[in-house]
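Reviewing the structure listed below.
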Amino acid sequence: MDKSIPSLAQAVADIPDGASVMIGGFGGSGAPIELIHALIDAGPRNLTVINNNAGNGHVGLAALIAAGQVAKLICSFPRSADPRVFNAKYLAGEIDLELVPQGTLAERIRAGGAGTPAFYTPTSFGTDLARGKPVAEFEGRSYVQERWLKADFALIKAEAGDVMGNLTYRMAARNFNPIMAMAARTTIAQVSRIAPLGSLDPETVVTPGIFVNRVVLAENPAQEEVLNRQEAVYP
Amino acid sequence: MTNPAMIDLEAVKLTNAQMAWRAAQDIEDGAYVNLGIGLPELVAKFQPDGREAIFHTENGVLGFGPAPAKGAEDWDLINAGKKAVTLKPGAAFFHHADSFAMVRGGHLNVAILGAYEVAENGDLANWSTGAGGVPAVGGAMDLVHGARRVAVITDHVTKSGAPKLLTRCTLPLTGVGCVTRIYSSLAVIDIAQGRFVLREKVAGLSVEQLQSLTGAKLHIEAPVTDLTAAQVA
Amino acid sequence: MTNPAMIDLEAVKLTNAQMAWRAAQDIEDGAYVNLGIGLPELVAKFQPDGREAIFHTENGVLGFGPAPAKGAEDWDLINAGKKAVTLKPGAAFFHHADSFAMVRGGHLNVAILGAYEVAENGDLANWSTGAGGVPAVGGAMDLVHGARRVAVITDHVTKSGAPKLLTRCTLPLTGVGCVTRIYSSLAVIDIAQGRFVLREKVAGLSVEQLQSLTGAKLHIEAPVTDLTAAQVA
Amino acid sequence: MDKSIPSLAQAVADIPDGASVMIGGFGGSGAPIELIHALIDAGPRNLTVINNNAGNGHVGLAALIAAGQVAKLICSFPRSADPRVFNAKYLAGEIDLELVPQGTLAERIRAGGAGTPAFYTPTSFGTDLARGKPVAEFEGRSYVQERWLKADFALIKAEAGDVMGNLTYRMAARNFNPIMAMAARTTIAQVSRIAPLGSLDPETVVTPGIFVNRVVLAENPAQEEVLNRQEAVYP
């Protein structure tokens, strides 16, 4: 079994127009910038993107949005230091937004990966974000029913990966990456390092390979935060 | 309904190892597989050359290998049957909720389970004989609704010769409409559109004889091939 | 309703740092704490001597410490406000679902959040001004229904002098009946049985003056003490 | 902050009659035998115990049951190589049994820890174990509603633990231990080794200390499997 893919371009080549794509990261940490840029190069349009944020500056997710490839964004916090790309599209009515509380977003993704079609949470009860959702009472408290979230593809960033798709992460760059790996039909992981098979300690694997379909090396990956301080623009 | 034709099943039926061998032939390279306790566990021994399946066990291991030598057991490294196992390169440990996220989330390519009864509508009964005693279910109800493909490996008839493949299960169900293929000691049968579709049968039995040992109609959609298995033990 | 008594609030009110200092005094040793982005983050600076709280950030870190020196930032190690942080001994990383299991499962002792409006029934509005623009919610709706204690730290009135503490919120809600204590720039107020209960107020204001700056009735159940804060910055 | 407790006896001293107690382990692996034996010594009765199994031989959970301390057991598989203690009590009507599919048991515990009062699963749909439970259809498939499971106490076994309660596990002895740690009001962890604070890699901590209330050293812990081969009996 060898899930490694020789190039970023090949790793994302079959993502079609209209696909739903989970993209890991919280702000810039854990954002698979190199995979996103490969997706910009590949050019599929009308994508539904699931990410915690809505991009920052002119690289990564912001650049994907700027390229006009994203029809809808599902996220919790479309604000950042420099959100002008998303803001302009949104205010011009050129992109749909589904706003989801961050914990609900995480749990919906985890539910998608775990085969749980719906669950109840107190989060958002009584607020505008619960509108139209079923409500139920358990043990005297009110809860909102939320549905799972799955995607055709997940683009995630990990630290080390082996050919079987086992992954480790780096610090807070873990965030949404492991749960998105679970929730997509095809999970594509960029890794800073390919680990020889057997070199990852089975105790410390965070994402077991069963959740990963493709592993592609992106050595010395860019940090969105650093790129934005350099006012980088992609492409 | 016991073996009406007085067929000498012992002469024609596959051994347990042969049934397991046959089931193993359908497991593709790189598949993630959960094998039920007992007879299904044998399947792991018969992976075809050049293919490598990754075995999952409910208690939190992916990528385990065969039992260690006697005396070399580590009782922190066991499978769902509580037997000591070993690790292959690329293995991973995880907790029970993550383990069943793999099962329920559709991440396993196939689960192969034992059966008391299987019905032509895909219902499976394999956890309770309905009699008194202490009931126990384990992970079977999760596996049947989680794995992308659920297959059963079973003797074609009970020890007393009664069919285990039925129109409807009589014992408490493990899952509804979940089984899609049966590897029996006499045949390979698919379940599709609520019908048993005969694919392979042992050469020593006619279709009529096989039908007489089966509790629901066997449909034939394409030439039935001989069920052959390597001489394995 | 703007500052009807023309009180010179600048002269009597606590600074942001002092509000944060006051809130910090109520955090017990060993507490697990989530601090909202902005003003609430200041609370971490003022842990009383001999007490150590453990700070949680939604993006998957427990036990983070202050910002690193400029130039020493690692942008894989940030907090929910996307600011670089450091680690304390005993820290741990985890993914987002586990992070919000901590939040929603009632494992945090306290969450301290900012507010646009707080109502006497405990409702909080802190995520949307209701105006146009781009809405953003983040983890606030999870925190208000997850942490065992939800406190708010806020200026007592808006920049234009209008009350932020109201009978009912007018802006879109973050959560219903969730806030139990308010650390304002002028007072410490508990919310109990759908009422604001005044506990402490700055010495430079009378209860009547404070009431005139508050959009709902302030109840007094026990002697109101002076709200004092260390001279901190 | 120091969550370490000097003795096993002190660690379980406040578990009262009638308490609900999650006990980690899958068969003998990861079973906190030393904590269970301390609980037998402490003697509270009328306990509701949540465990995957029902004990084996005459040590650990089987011994707790034999001591007459368990009124009800919630488990998935009350069968083992030598289940005679539970079987006798059960068939005599002296112990209640709530049988739960293993994945449902795990997910109910995880839900208890994650603040999810109810969720839907296909598991057990159409079977005797779904009787009386609400059913709902999502995307054309039928699901059973299951409720969270919480407990007053959890007794778990870990490999290393620090004074803040951060834990690592050993191989398949992980099993139910991390999720039970999340789902109990008071989680008591026996560890084979106390790790100096700061010595556990934050990347490899499996159970963050927030889920753990007490850490107690049980060096060279017994293995149920080994004890049973020695035909050990406790007390």
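All chains are identified by letter, namely A, B, C and D, in their written order; residue positions are counted from 1 within each chain.
Convention: contacts are C-beta pairs under 8 Å (C-beta built on N, C-alpha and C of every residue); 3 or more make two chains touch, one makes a residue touch a chain.
What you see is a predicted model, and the numbers here were worked out from it, not measured in a lab.
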item: Partner chains shared by subunit B and subunit D (touch criterion as defined above); value: A
item: Pair exhibiting more inter-chain C-beta contacts, A-C or A-B; value: A-C
item: Most widely separated chain from subunit D, with each centre as the mean of CA atoms; value: C
item: Centroid distance [mean C-alpha coordinates] between subunit D and subunit A, Å; value: 34
item: Interchain centroid distance [CA atoms averaged], subunit A/subunit C, Å; value: 30
item: Intercentroid distance (Cα basis), subunit D paired with subunit C, Å; value: 37
item: Residues of subunit D engaged with two or more neighbouring chains; value: 107, 110, 114-116, 121-122, 169-171, 202-203
item: Junction residues of subunit B, two or more chains touched; value: 61, 93-94, 97, 100, 103-104, 146
item: Chain-level touch network, classified as line, ring, star, complete or other; value: other
item: Complete list of chain pairs which touch one another; value: A-B, A-C, A-D, B-D, C-D
item: Partner subunit A, residues of subunit D touching it in the complex; value: 107, 111, 114-122, 136, 138-139, 141, 143, 147, 168-171, 201-204
item: Interface residues, subunit D side, partner subunit C - complex; value: 1, 110, 112-116, 162-164, 166, 182-183, 197-198, 200, 202-203, 205, 208-211
item: Partner subunit D, residues of subunit C touching it in the complex; value: 29-30, 32, 52, 54, 56, 61-63, 87, 89-94, 97-98, 100-108, 146
item: List of subunit D residues in touch with subunit B within their complex; value: 26-30, 52, 54, 76-81, 83, 86-87, 90-91, 97, 99-107, 109-110, 121-129, 169-179, 206, 223-226
item: Subunit A-touching residues of subunit C, taken from the complex the two chains share; value: 57-61, 74-78, 82, 93-97, 99-100, 103-104, 123, 128, 132-142, 145-146, 172-176
